[in-house]
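Consider the two complexes below, in which subunit A is the common component and subunit B and subunit C are the respective partners.
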Partner chain A sequence: MIQQALNELSQQIRIRPKYDNFIGGNWVAPVKGQYFTNLTPVTGKPICEIARSTAEDIELALDAAHKVKDQWGRTAPAERARLLNKIADKMEQNLKLIAMIETLDNGKPIRETMAADIPLAIDHWRYFAGCLRAQEGSISEIDHDTVAYHFHEPLGVVGQIIPWNFPLLMACWKLAPAIAAGNCVVMKPAEQTPMSIMVLMDLIGDILPAGVLNVVNGFGVEAGKPLAQNKRIAKIAFTGETTTGRLIMQYASENIIPCTLELGGKSPNIFFEDVADHDDDYFDKALEGFSMFALNQGEVCTCPSRALVHEKIYDRFMERAIKRVQSIKQGHPLDPSTMIGAQASNDQMEKILSYVEIGKNEGAKVLTGGERAQLGGEMWEGYYVQPTILEGHNKMRVFQEEIFGPVVSVTKFSSDEEALSIANDTLYGLGSGVWTRNGTRAYRFGRAIQAGRVWTNCYHLYPAHAAFGGYKQSGIGRETHKMMLDHYQQTKNMLVSYSPKALGFF
Partner chain B sequence: MVERVSATEKALTEIVRLEKQHGPLFFHQSGGCCDGSAPMCYPRGDFKVGEQDVYMGEIGGQPFYMGKSQWEYWQHTHLIIDVVPGRGSGFSLEAPDGIRFLTRSRVYSEAETDELDKLGPPPSGAQMNARAEAAAG
Partner chain C sequence: MPLNEITATDAATDLLAKLHAQHGPLRLQISGSYGVSVICLPAAELRLGARDELVGHIGETPVTMMINEERYWRDARVIIDVAKGVGVGFSIEGPERVHFTLRRRLDPSLRDWTGQGRQSSHAEG
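The block that comes next holds the complex of A and B.
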């Protein structure tokens, strides 16, 4: 099935057996000539070779970016927006191709890449094209003769390091606002999923002026570090985990540059008693909301990995919820009916299984799943894990650490106060879910949760124009909203006096 | 004496190899998403620890730290550092070799818990830095 898919794709675009870096609008071989093998998690087998870059390649990319940064920064917003829209159009014309490559690279079901990842990525370019056109500076009248003008100016050249769970969507979340704001970018994709973005470069690489968008692949320690530490970047953006996040802040402090960080969470999904008042559409939606922990194989920073269910409905709710989870169809990621595919890498799968072990060790009960899913045929060596429900209490490690797999830890609560205390008893504060038929309770509870996003009677929606980012150790900054333009811009203030009179001090 | 962190034979072999290649090493347990919950291995001195870190012990002669607030949730478990084939990202030194350090865990026995209670909390990163300064001075 994999070979067949690659053959089909090859008729539409050149599928390269070996991807160099994309620098200054050209394919550039890594200076040291090294490559690494990219495996598809679908089968655990190689699909292409990828540049294993080093500091020298990062410098080449920064040279290319610096060469064009003044020109791009001065390009009229209307023209920048037009090019962003052109990227969106090109992606839309090639939706199926891009979705298939993303599925091969990451292991997620084609259903999701076709319906969510790629359409959301496309919309992101259009959203920031629109934001840019509508952005205005400001004028402050200090007194009748003194005026402060505020201009938005690009930062210059920025570095971006992205994760492997939504490779193209995360790339577009970061690229669209940075490029819209007039910056040039050097991006380092995740080494688990380095291929789809290079295929995207083959599609959209000639739309922007050469050097505006540069992609350098390689390992974190060999390519990511020389980018994050570099004195020629004006900002670094990172999505990943807390230790690397701290390290990146330490590097940024050496250059006194800003950083935005998205570092994950342990998001609570809270089901109040009134959820089960009726067995209706809403109850069905809430059951789907519970099952959302399995979306993208649980490899989502906002995975609703802690479910809090009111004790009065617990048994009834869980009986239905377990059935719902057991009906999730696991299978070949390229099969359009598959709901859950492969974990992105072997070490992720091992980590997930080790967490299920520690959960059992701490006394958690496995309500369903809990094992590697050994699928047949070419998927035999792929990285598949059964959707898993663990029952326990909030002090267990499985309630406190991001497992990043299709595993939810469930506990009961008896009052709103207890629910809030459990919800906020975590180091993180990225996502959360509140399910109730009572609007006032939803409002008060949502405001009291220490998290950047409170999905209310819904979960896992990621529209552009709704700000996304974390409280507490979940990071700094807000993406998917026009406010992200500010994170990629300087403010220039011109303070102008129109008075001919001296101040009178000297 | 009870230890807070240990390493498997496979992990110890890898530590020896990495030390030959990169010099003295340092470990920090990560949290959060993507490659979170995995230990990160850096050249010693690259990552600055402070008041908000705790010193868990040594594996293969290399210091192992984690964030204090994270340790508070993890303190009832002993960490066992293993190594598996994989492609973990982050800036961890072993990743280019197609392997990844992995944290396995077990809950302490009652006897171990009593002993740890007597020992009190582990020293902070800042305390360890001060000790190193004093030893060097």
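The block that comes next holds the complex of A and C.
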């Protein structure tokens, strides 16, 4: 199936056996001539070779970006927006191709890449094209003869480091606002999923002026770190793991540049008693909301990995929820009916399974799943884990630590106060879910949760124009909203006097 | 405050020795998110702060972590090992295509790290 898919793809686009870096509009071999093998999690087998870059390659990419930054920064917003829209159109025309590559690179089901990852990525370019056209500076009248003008100016050249769980969507979340705002970018993709973005460069690479968008692959310590530490970036944006986030911030402090971070989560999904008042569409939606922990194999920073269910409906709700989770279809990621695919790596799978053991040792009960899913055929060596529900209490490790897999830990609560205290008893504050038919309760509860996103009677929606980002140790800054333009722009204030008279001081 | 027991497999000790020869003194930082991981850095790379705590040593290499995660470690035997595949973030063993990994065996019979006596995991926090 994999070989068949690659053959089909190579009729539409050149699938390279070896991907160099994309620098200054060209494919540039890594200076040291080293490559590493990229494996597909679908089968655990190699699919291509990828540049193993070093600081020298980062410098080349920064040279290319600096060469064009003034020109790009001065390009009219209408023209920048037109090119962003062109990228979106090109991606839309090639949706299936891009979705398939993303599935091969990451292991997520084609159903998700076709319906979520890639359409959301496309919309992101269009959203920021629109935001840019609508952005205005401001004028403040200080007094009759003194006026403050505020202009938006690009930062210049920015660095971006992205994770492996939504490789293309995370890339576009960061690229679209940065490029819209007039910056040039050097991006370092995750070494676990370096291929799909290079295929994307083959598709869209000639749309932007050469040097505006540069992609350099390699390992974190060899390529990511020299980018994050570099004197020639004006900002660094990172999505990933906590200690790396701390290092990114530390490096940013050495250069006195801003950084934005999107880190981990342990998001609560809270089901109030009135959820089960009727067995209707809403109840069905709530059961789907519970099952959302399995989306993207649970490899989502906002995975609703803690479910809090009111004790009065607990048995009834869980009986239905378990059935719903057991009906999740696990299979080949390229099969359009597959709902849950492969974990991104063997290591990730091992970690997830070890958490199930830790949970059991602490007294958690496995309500369903809990084991590796050993699928047949070419998937035999792939990294598949059954969607798993653990029952326990919030002090257990499986309630406190981010597992990054299709595992939800469920507990009961008896009052709103208790639910809130459990919800907020976490290091993180990225996502959360509130399910109730009572609008006032939803409002008060949503405001009291310490998290950047409170999905209310929904979960795992990621539309552009709704701000996304973390409280507490989940990070700094927001994405997917026009306020992102501010994260990639300077404010220039011109304070102008129209009075001919001296102040009278000297 | 040291964890009850933090040890390394021979593979992890060998890899640490090899990395030490290349990079000089090292630090292992246990890190919380994306599933628990252990990150190997040059000793002075990460600036330690008020939340960081020394929890043990592997040979000469200190093992540190953010204190707010520590309550989940005190009744566990921690074993640092090596696995195939690329690790996390800027961990220096990444280019070797292996990574340090961490296993925990819970053992309620272990004495609490505060020295206040036996403690089961359910009495935590």
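Note that in this section the second predicted complex is superposed on the first by the 506 of 506 C-alpha atoms of A that agree within 3 Å, B and C clash if a C-alpha of one lies under 4 Å from a C-alpha of the other, contacts with A are read in each partner's own complex, and residues count from 1 in each chain.
In the analysis below, contacts are C-beta pairs under 8 Å (C-beta built on N, C-alpha and C of every residue); 3 or more make two chains touch, one makes a residue touch a chain.
None of these values were measured; they are calculated from a predicted model.
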Exercise. Following superposition onto subunit A, is the placement of subunit B relative to subunit C best described as a clash or a fit?
Worked result: clash
Exercise. Touching A:263, do we find subunit B (first), subunit C (second), both, or neither?
Worked result: both
Exercise. Should A:397 be classified as contacting the first partner (subunit B), the second (subunit C), both, or neither?
Worked result: both
Exercise. Touching A:346 in the superposition: subunit B (first), subunit C (second), both, neither?
Worked result: both
Problem set entry | Which superposed partner A:239 touches (first subunit B, second subunit C, both, neither) | first
Exercise. Which partner does A:405 reach: the first (subunit B), the second (subunit C), both, or neither?
Worked result: second
Problem set entry | subunit B versus subunit C as contact partner of A:222, first or second or both or neither | both
Exercise. Is A:2 in contact with subunit B, with subunit C, with both, or with neither (first, second, both, neither)?
Worked result: neither
Exercise. Do any residues of subunit A touch both subunit B and subunit C, and if so, which are they?
Worked result: 36, 52, 191-192, 219-222, 224-225, 240-244, 246-247, 250, 263-265, 301, 345-348, 350-351, 354-355, 358, 361-362, 395, 397, 400-404, 427-428, 473
For this session: Flag every residue of subunit C that touches subunit A in the complex, lowest number first.
Result: 29, 31-37, 39, 41, 45-47, 66, 68-69, 72, 83-92, 94-95, 97, 99, 101, 103-104, 106, 121-122, 124-125
Exercise. Hey, which residues of subunit B end up touching subunit A in the complex?
Worked result: 28-38, 40, 42, 46-48, 67, 69-70, 73-74, 76-77, 84-93, 95-96, 100, 102-107
Exercise. So in the complex, which bits of subunit A are touching subunit B?
Worked result: 36, 39, 52, 163-165, 190-192, 219-222, 224-225, 239-247, 250, 262-265, 300-301, 345-348, 350-351, 354-355, 357-358, 361-362, 395, 397, 400-404, 427-428, 473-474
Exercise. In the complex formed with subunit C, which residues of subunit A make contact?
Worked result: 36, 52, 191-192, 219-222, 224-225, 240-244, 246-247, 250, 263-265, 301, 345-348, 350-352, 354-355, 358, 361-363, 395-397, 400-405, 427-428, 473
